[in-house]
Amino acid sequence: MAAIELRNLGHSYRPNPAGPQDYALRPFSMTWEDGAAYALLGPSGCGKTTLLNIISGLLTPGEGQVLFDGRDVTHLSPEQRNIAQVFQFPVIYDTMSVYDNLAFPLRNRGVAAADVDRRVRRVADLLELTPDLARRAQKLTPDAKQKISMGRGLVRSDVAAILFDEPLTVIDPHMKWRLRRKLREVHSEFRLSLIYVTHDQVEALTFADRVAVMHEGQVVQLGTPQELFEAPQHTFVGYFIGSPGMNLLPCEPGEGCVHVDGIAIPLRTGAADTAAAGGGALELGIRPEFLELAAAGRPGTVPVTVTGVENLGTHKIVTARLGTRSLKVKVAEDQPVPTEAALRFPPDRARLYRDGRLAV
Amino acid sequence: MTLRSHADDAVALPPRARARAASRLRVSRRTVVLVLYILFLLLPIYWMVNMSLKTNVEILSGLTLFPRDPTLQNYITIFTDPSWYSGYINSIKYVVLNTVISLTVALPAAYAFSRYRFLGDKHMFFWLLTNKMAPPAVFLLPFFQLYSTFGLFDTPLAVALAHCLFNVPLAVWILEGFMSGVPREIDETAYMDGYSFPRFFATIFVPLIRAGIGVTAFFCFMFSWVELLLARTLTAVEAKPIAATMTRTVSAAGMDWGLLAAAGVLTIIPGALVIWFVRNYIAKGFALGRV
Amino acid sequence: MDKPWNNRAWFLVIPVFVLVAFSAIIPLMTVVNYSVQDIFGPGQAFWVGTEWFEKVLHDERLHDALVRQILFSLAVLAIEIPLGILVALSMPADKGWRTSLVLVLLALPLLIPWNVVGTIWQIFGRADIGLGGAAIRALGIDYNYTGNPRDAWLTVLVMDVWHWTSLVALLCYAGLRAIPPAYYQAAKIDGASRWAVFRHIELPKMRGVLIIAVLLRFMDSFMIYTEPFVLTGGGPGNATTFLSQYLTRMAVGQFDLGVAAAFSLIYFLIVLLFSYVFYTFITTVGTGDRS
């Protein structure tokens, strides 16, 4: 296992990147700790696969360095880095048996036959592939094939990290859940460094110890699932994580409050001043879970008009209009929802963003 | 970590320069293979082009890599002598005729094979393909008699029909592959919208498989253009193909090499033009594995 | 297979059936007819039963032609399949103009009329006026394809390689392009050597197109006629007389209709049988090692 450090790493598919828009991955620095399970979360085209391929060595970055345990591996090939990678579609060697598939990476590295056998059987056992060992890999189901792909990473004792590139895309939903759990088990047993790329927030949040959220070629936040939920560092994180995502309202700073469409919303003392200090566009962000819906006229609230209610069984999603803005509020299933209502913004839950970045 | 016995033994690091040099070497080795092969393909063709621009005196007086005294006389002979250039016209006539016939009958049949099961469908398909395996020499004599009986002998139609023997099965095969790639829901939607079969087929389905029709036409053209045995046997004077005309260059005065080469060069040109137009479809057509 | 059962689909197949029946069944019946009768002229035919067949089966020269044919087809496969794979592996993978150019150049020999292919090599191989022949002479080898049986045989073989390796290469190229990049990346990560990548990824993925390539090359080389006819006329002696030459000589040259017809039928059956054996052999070899 190894700690992975990225130093001023950037990459562009154009020869001479002029501005940030030319970068698939904008220059940044970051450290991935040894033995932890990370998820790399973001929508399609945000640069997560580029980043993954740079870490694995399939792609050489245009700028900066990749270090494994302090050793510069920027220009080393994947096999020299001792990286394993699992791809979106299961990659198996059609003509080989399951056993030979699993043994392949070891045999290529000249590991002794007895060792090969021991490790292959152990990994097969762990992945519940033992009954299929003698079968031709081509005949198996997609999820079994994907397990073989994972197994080829796991048999290697010396891997620095195992990288997963949306590995559950082609798997049936109920098998997805089982495979993900299997992966958690493997992780807790071997304490491997895992990096898991996905665009599915549920997958990322349930799998990883820490999640890196990517947006337009940059990592906008690295944190535990809880941190991402409670304190999004970037409006993108707020909006991308959570269902529905964070409410974001453009606002103007005021005296101990901010104005949204001229309506004052009280905040913590000093918050608005601090946020306004740097200039730039301000946004008020608050998660639907933290908004409190009350009867109209209560002190400390602002009046809203309810325009829609969606009952999801365990809770309700209320759509309310504040001035010209629309907000989502999550309320308990049994709570009455009047048409003319009021909303309270708990001051310690409301966040202010300046130009997309968390200010207060 | 139970599996961690060989922790550090795989950290042998060849210098990065060596890895790069190796990859450069590999690229160049591939290029060398390709260049050598293309050279092997082009040299004989070049030699014929070279020879077509020479006079017979120069050809017979020794090897020259370039025509010392370039002449277009051989080409002028071909373009001014009707017995020469009519050969080209005849060839193109039956090739086009064959392509049109093959596509016309193969389109509905391929549709049937790709969409329905019917009595004897598999046997029919297999039987069609066996015709592609029939040695043309086997059919030489019967064709001669058959087309003579029908009064088709020495017409482009006779050659076009004879070439259908291998081109129709081929067209059905390739088209069936392309048609199977079109989802059947499209047919069903059209029928539900009140389209009749002929109208649906002509206005919706055929445009959908344009690429397939292009690839099929290319292969029909190709196989009809390159065939000589049947084309020569079924024609005498009126519909004689260029390939057969070329055998005339042997005369009492010996071989007219320059003229032969010029006629050969001219037969390559239609093929080269056709490939250039379909170059982006070639790989796709071959990718279906149905040639 | 969830295609609906519909016998009316036959109406779509009827045009093909009629056309191919006209070009295949009637001539084939004629051949069968000849093969069991002795024909002196119109209305003067005598039933001879299996006499012609027995004569064919005991014909020494035919046996020689068959052996020569099988050797030739095997040599063709042994050279063209590996060479085609090698060329396909060397071809550029991107979509640029270089790839288009390579595709067009490779496809060029396929679109040259077969007799012109013969002509090209007839010119190229001659020691007096051809670059190839002269080059071999310059190396000190007494090369002469018109006089020396071995040289003639090798020249026909090289010509066939020149003519048809591109087909194998294009098929393999299409097969290679269909391999997702993840396979190469996974192999890199698994530390696979270049050979292992070829053996365990590229070769298995090319299996489908290779089966087609082997079948096509076998069938077509087994029916080769035009190119050696132009190049060597079957000689010197009978060195390059393959089955089609022999058959044509019998039917058209000597007008031995009965024997030629019986031979035709046997020939056709041999091609079908070999193709079938090849096909079942290749398709079971790939899947036979499952447990």
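Which chain is which? They are A, B and C, in the order written, and residues in each are numbered from 1.
The rule is short, and it goes like this: contacts are C-beta pairs under 8 Å (C-beta built on N, C-alpha and C of every residue); 3 or more make two chains touch, one makes a residue touch a chain.
Everything numeric here is computed off the predicted structure, so don't read it as measured data.
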| item | value |
| --- | --- |
| By mean Cα position, the chain sitting nearest the middle | B |
| Chain whose average C-alpha position is farthest from subunit A's own | C |
| Centre-to-centre distance between subunit C and subunit A (centres being mean Cα positions), rounded to whole Å | 57 |
| Separation of subunit B from subunit C, taking each centre as the mean of its C-alpha atoms, in whole Å | 15 |
| Chain centre separation (subunit A, subunit B; CA means) in Å | 53 |
| Subunit A, residues touching no fewer than two other chains | 77, 109 |
| Multi-chain contact residues (two or more partners), subunit C | none |
| Contact set on subunit B toward subunit C in their complex | 26, 30-31, 33-34, 37-38, 40-45, 47-48, 51, 59-60, 63, 65, 101, 104-106, 108-109, 111-113, 115-119, 121, 124, 128, 130-143, 145-146, 161-162, 164-165, 168-169, 172, 222, 225-229, 233, 242-243, 246-247, 257, 260-261, 264, 267-268, 270-272, 274-276, 279-280, 282-284, 286-287, 289-291 |
| Complex interface listing, subunit C residues touching subunit B | 1, 3-10, 12-13, 15-17, 19-20, 22-24, 26-28, 30-31, 34, 83, 86-87, 89-91, 100, 102-116, 119-121, 123-124, 128-132, 134, 162, 165-167, 170-171, 173-175, 177-178, 194, 208-209, 212, 216, 219, 222-223, 225-226, 243-244, 247-248, 251-252, 257, 260-261, 264-265, 267-268, 271-272, 275 |
| Complex contact set, residues of subunit A against subunit C | 56, 58, 77-79, 83-85, 87-89, 91, 93-97, 104-105, 108-109, 134-136, 139, 149, 152 |
| Residues on subunit C engaged by subunit A in the complex (per definition of touch) | 180, 182-183, 185-186, 188-193, 196, 200-201, 204-205, 286, 289-291 |
